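Structures follow.
Look at the two complexes coming up: chain A is in both, with chain B in one and chain C in the other.
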Partner chain A sequence: MFSFMLRRVLASIPTLLVVYTVTFAIAHLTPGSPWDSASANRPMEPAAKAALDAKYNLDEPLQVQYIGYLWGAVQGDLGPSFRDPSQSVADIVKKFLPTSLALGSMAIALAIVMGLLLGVVAALTRSRALDTAILFFCTFCVSLPTYIITAVLIVTMGVGLGLVPTFGWKGLFSTSAIVPVVSLALAPMAAIARYCRNCVLEVMHKDFVRSARAKGVKRSRIIAVHILRNALVPVVTVAGSYASSVLVGSFFVESIAGVPGFGRYFVLAVSARDYPVIIATTLVYAVIVVLCNLLVDIAHFMIDPRTREDVR
Partner chain B sequence: MRKKVFAASILAASLAASTYLTPAFAGEGETFRMIVEEPRFMDPNRVDDGAIVIQSQLFEPLAKIRNDGTLVYLQASSIERSKDGLTWTIKLKPENKWSNGDPVTAKDWEYSLKRILDPNTASGNAQFLTEIKGAKAYNAGETKDAATVQIKAVDDHTLVIETERVAPSFLAKLALPYITPVPQAVVEKWGERWTLPEHIVSNGPYKLVSRVNDQSIEMNVNPFYAGRKPAIDTIRMTVASGDICEAQLRAYEAEEIDFATCIPIQDIQRVRQDATLAKELITNLDSGTWWVQYDNSHAPWDNKDVRQALSLAIDRNALSSVVSDGTAAVAKTIVPPGIPGANEDDAIKGNVDTARELLAKAGYPNGAGFPPFTLTVRDSASQPIVAQLLQQMWSENLGINATINVMELKAFAAWVNARKSAPYDIITALWVSDYVDPENWYGDLITDDYRNSHFKNEDFASLIKKAKVATDETQRIETYRQANKILEEQQPMSALYRETSLWLVKPYVKNLQPDTTLRLYPIRDTEIVR
Partner chain C sequence: MTMVPSTQRRGVPLLSASLRIKPGLAVAIAFLVLIVVVAASASFLPYDAYRQDLLHRNSPPSWNHILGTDELGRDMLARLAIGARVSLVVAVTSTVAAVLIGIAVGAIAGYKRGWIDSVCMRFVDSMYAFPDTLFAILIAGVVKGQLNQSSTDFFSPITALYKMSGGLFGVFLTLSFTSWLVCARIVRAEVIILRSAEYVAAARLAGASDLFVMRRHILPNCLPVIIVSATFVVPSAILLEAGLSFLGVGVDPPTPSWGAMIASGVRSMQSYPHLLITPAIAVGLTLLSINVIGDALREHFDPSFRRGGEAS
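And then the complex of A and B:
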């Protein structure tokens, strides 16, 4: 197991290097410099622009900047933020990532619990009204873009009923978290429910389930131990892929609901051409994707004994 | 027993939740709540955009010019110009203090003005101070010696500034909210991090008490502020990104904020028809203009008849109706009314038929032979829709075809800046008055050509040159009036419309007075009367 994990971690290094290279190139090739103001009346004086370029090493050739930033990043120095010189990129990651991680974890936990529940119920009531209703609800949730869900929830629950604030963030355990958590959870919940339903239906007719039934094992035990455990493998894969995108924050949900998260900051950094923040946030995103994939593999390893053979 | 434990747990959980849910800002007295965009800079010497609404509550300039043109002293007790018009003596009020209790000295002012001019500060506000002797060379990096800039603190409360030439508009620039002092000792001690809430000190009516990036900004009354004490104790700003108008309207309707600075276009009609909201709606015409601008340096745009034809073919009422539900004012001239020299009677006269005649006179009857051209706009402020309407109007009225190129904001800004030497066809652009002086329009915008219109007209240039150094005010304004006539007749750019700020203000908020020049609102003068 350890050697498997070590291999996976080492294999992720080239992936991260490719992500760094592509992000670096795209950031620097995008038209507009960090110093062009979109809202100021006047363009910046050339001398001031030159001074800023020199201060942040943007006057160096691109290959020197590429290696310089990489060397700094390897040593843990992600550089200063161009957009807000009073803080470093490391400060920004520390400030904004935890909010998105907390929000995303809550959303994915809600999605898994509700998704499994709906999936099992749908499978057990196959072709009946409840199954149809659940399937319809899941299709509805998957089809609707999150920004529409967020806006509708805010208008109904915030402006209409006054149950939640329309904007702003007061922490994960406050009413301000309800709309973003629900908005982020609906799509993965629906996907998990659909996968879970299909898998449960497939496993229900396997021989070992029939044997368990014949042996007189309790229905609840058959569902929990025999069916659900086997149905979990694809569900974990789906949940893992959704987790990586939900955990780093959604720009739409965070912007509309006013959550100071990583997703929103990333897009603001792109608009501001804040190169160090763009590169660092993309790398953090890549690391989270790699970690989520690793966790999915570990979960497979634990759930499905058959995979242990492959790992060895 | 179980029941008791359960009840105690519920009570404990409720207490914990209520503690957690108590708003983080627990100020005493009245609180003013609003939504702002994340400021690019918290350093007042570097703020040169809309974020000035935040810094102008914290930092105070020497004086301000009211909407009616009168001067009100703030940090200064007097500003006098020498007889030769070259030396400005500024007396500071001795009672001025920073929010940590230290006195605000003329040394702080000297340090701050030179800091704005220092190319390493890269401040967009340097351009307001370049008339000071030695400032241009220092700002351009030609000399590194700040002592060559003629700004001197002669004692603790007297600042003397020498200008390179007679500069009648210099007072208006000195009174700008962008020109404020920073505390030398604090800036030098903390460097870039001096603007963090734990370090920053300010000289204005409020002091910063907390700032969470992209989340909130909170200010309390500065206890050491020597001016009239504000009636509102706390200003709580929630920071929004994306569609800030959308966020503001939702929060305003849910009673979460007391003041909204804009309304999404799709909601304007609903707000006007709503019995309550309509009463709380305040409209202020901005001192700014949106226009279409031609690259005057090459054909066919170097032909005045072509420019006039395109201008006369535009239905400005239709534009206003689409971009603002009719709340924007039709702009007949580039320079807005209220700026001395401006006169809407100078606008070119005619209609679509005149436009066709002019185009035919230029050699393109019914648009025949007119080269295909590109209309480049930014992807904001309804400009893509404006571009489509212009394309349609020019095609239907003149028979000429434009291709639309929409660019992301920063890319557009960089692209326009790069048009200094590269040719283009047409763009749409905006200028908002920085100060109420004709030089800000005729000088900064058109002669200094910040938008790269490449407009060259000797008569216009010589009039502006004359007006810039005119000491007689009547003669100066008259010169600008003559320049305005040339500008409108030549049409290097064609005015489209002027935006109207749409505010929603709760009825218990009193005296929230707009400053039309920079769309500012000093909360110091505002009261909450419930």
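And then the complex of A and C:
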């Protein structure tokens, strides 16, 4: 198990390098310098520009900047933010990421619980209408963009019914978290429910389920132990593939609902050409993706003994 | 997750046989046809999508303006119709381009195997570690900036095309660059199966060149999976286009776009909800219809894709 994890971690290093290289290239291909947007009406003195370039090493050749930033990043120094020189990028990550992470974990937890529930109900119900209704609801949730869900939830629940605040953030355990959590959770929930339903339908007719039933095992135990455990493997895979994008925060949800999170900061950084923030946020995202994949593998390892053969 | 290539798929049944038109599917097709007709006839509507009428701003639906007017008094129906044209044209053209890139990469990787395969697939896997929406935002920034700036002779036709299309061409490039990954993976998996088929071996023994084998034997047999991968790309292209325009890095104003309309609807959702509701319904129903049709196509071409319907 340990050597397997070590191998996976080592294998993710090239991935992170590719992500860094591509982001670095994109950030520096984007025309204009970070000092343009600060004073669009009043162009900055060339001398001041050159001084700023020199201060942030932007006057050096690209390959020197490439290595230099990478060397700093490995040591945990993500550089200063151009847009807001008073704080370093590491501070910004520390300030904005926890909100998004908390929001995202809540949403993913909700998605897994609701998705499993809907999937199992859809598969096991004898009512064709209920099955069709759940499937349709899931297609509906997968189709809708998150910003529509957020906006519609705010208009109905906030403006219409007055149940939740229409804008702002008062922490994870307040009514202000309801709309962002629900809007983030719906799409992964729908995907999980669909996978879960199909897996349960597949497993239901396997021999071991029939034997368990013949032995007289209780129906609830058959569902929980024999069917659900087998259905969990693909569910974990799907949840993992959604988890990374939900955890890092959605720009749309965060800006519409007024959550001071990581996703919103990224988009602001792109429009300000804040290179260190752009590269750092993308790297943080890639690290989260790698970690999620690792967690999925570990979960598979724990749920399904058959996968243990391959990993040794 | 990895695509599990199915081997039982040989012999796809007749399209008409397994597409027994279910009621939901019929409604979806009808709605999509309606959208296409509206988009095609947008120029013949009695109202101009660009004519401002500042005396009748934000007016609710009435006989004069069936869907009301926006914040500059422009007719919402006319703007929705032009927006539909923008969305569909961008989605279809960028899907075609993305599928072509995906076929090229996937076919070469799957046919040649060896180090070419490793390099290509390592790259594709690493690109999956990018946040898709955020990556599109980054690319859109580069494309937009480069096209606006470059005045060299080499780029001038592209720049002219970009300016003429009101930013559409930039969105097209962005979407093509970002959505070919799914397709490359699916096509590669299929080509690996097909290249070991007996008729391929026979053709090569008979002295057929790689190109000939590819064109005559492998690619035609890949058609079902190519269609399946396109069913994933089209809705995500519409979603991404709306997302980019929502953020203001998509289609340039005043060209109407569904994403931009939703963005301005969100800004005034508390006082004029109809500005948000109509474009939201249009985007939501279009994506829903495409997903319903996509599900039917996937079920027809490959029952193993039925497991939930999400790629990647």
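Here is the rule we go by: the second predicted complex is superposed on the first by the 307 of 312 C-alpha atoms of A that agree within 3 Å, B and C clash if a C-alpha of one lies under 4 Å from a C-alpha of the other, contacts with A are read in each partner's own complex, and residues count from 1 in each chain.
Following the convention adopted for this analysis, a residue touches a chain if its C-beta (ideal position, glycine included) is under 8 Å from a C-beta of that chain, and two chains touch if they have at least 3 such contacts.
Here the structure is a predicted model, which is why all the values come from computation and not from measurement.
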Return first, second, both or neither, reflecting whether A:K95 touches chain B, chain C, both chains, or no partner chain.
first
Looking at the overlay, does A:V217 come into contact with chain B only (first), chain C only (second), both, or neither?
neither
Applying the document's definition of touch, where does A:L268 land relative to chain B and chain C: first, second, both, or neither?
first
Once the structures are superposed on A, label A:W169 by its partner contacts, choosing first (chain B), second (chain C), both or neither.
first
Under the stated touch criterion, which partner chain does A:I256 make contact with: chain B (first), chain C (second), both, or neither?
both
Touched partner set for A:V159, first chain B, second chain C, both or neither:
both
Figure out whether A:V209 sits in contact with chain B (first) or chain C (second), or with both, or with neither.
neither
Return first, second, both or neither, reflecting whether A:I178 touches chain B, chain C, both chains, or no partner chain.
neither
Can you give me the overlap between the chain B contact set and the chain C contact set on chain A?
30-32, 154-155, 159, 166, 256, 267, 271
Contact residues on chain A for chain B in the complex?
30-33, 35-52, 55, 80, 83-87, 92, 95-96, 154-155, 158-159, 162, 165-171, 173-175, 255-256, 258, 260, 264-265, 267-268, 271-273
Touching residues (chain side chain B, partner chain A) in the complex
17, 20-21, 23-24, 35, 38, 40, 42, 48-50, 119-124, 126-127, 139-141, 192-196, 212-216, 238-242, 246-247, 250-251, 253-254, 256, 378, 380, 407-417, 431-432, 434, 444, 450
Quick check: in the complex, which residue numbers of chain A touch chain C?
14-16, 18-19, 22-23, 26-27, 29-32, 136, 139-140, 142-145, 147-148, 151-152, 154-155, 159, 166, 191, 194-195, 198-199, 234, 237-238, 241, 244-245, 248, 250-252, 256, 263, 266-267, 270-271, 278, 281-282, 285-286, 289-290
Quick check on the complex: what are the chain C residues that touch chain A?
1, 24, 122-123, 125-134, 137-139, 141-142, 145-146, 148-149, 235, 239, 242-243, 246-247, 262, 265-266, 269-270, 273, 276-277, 280, 283-284, 287-288, 290-292, 295, 306-310, 312
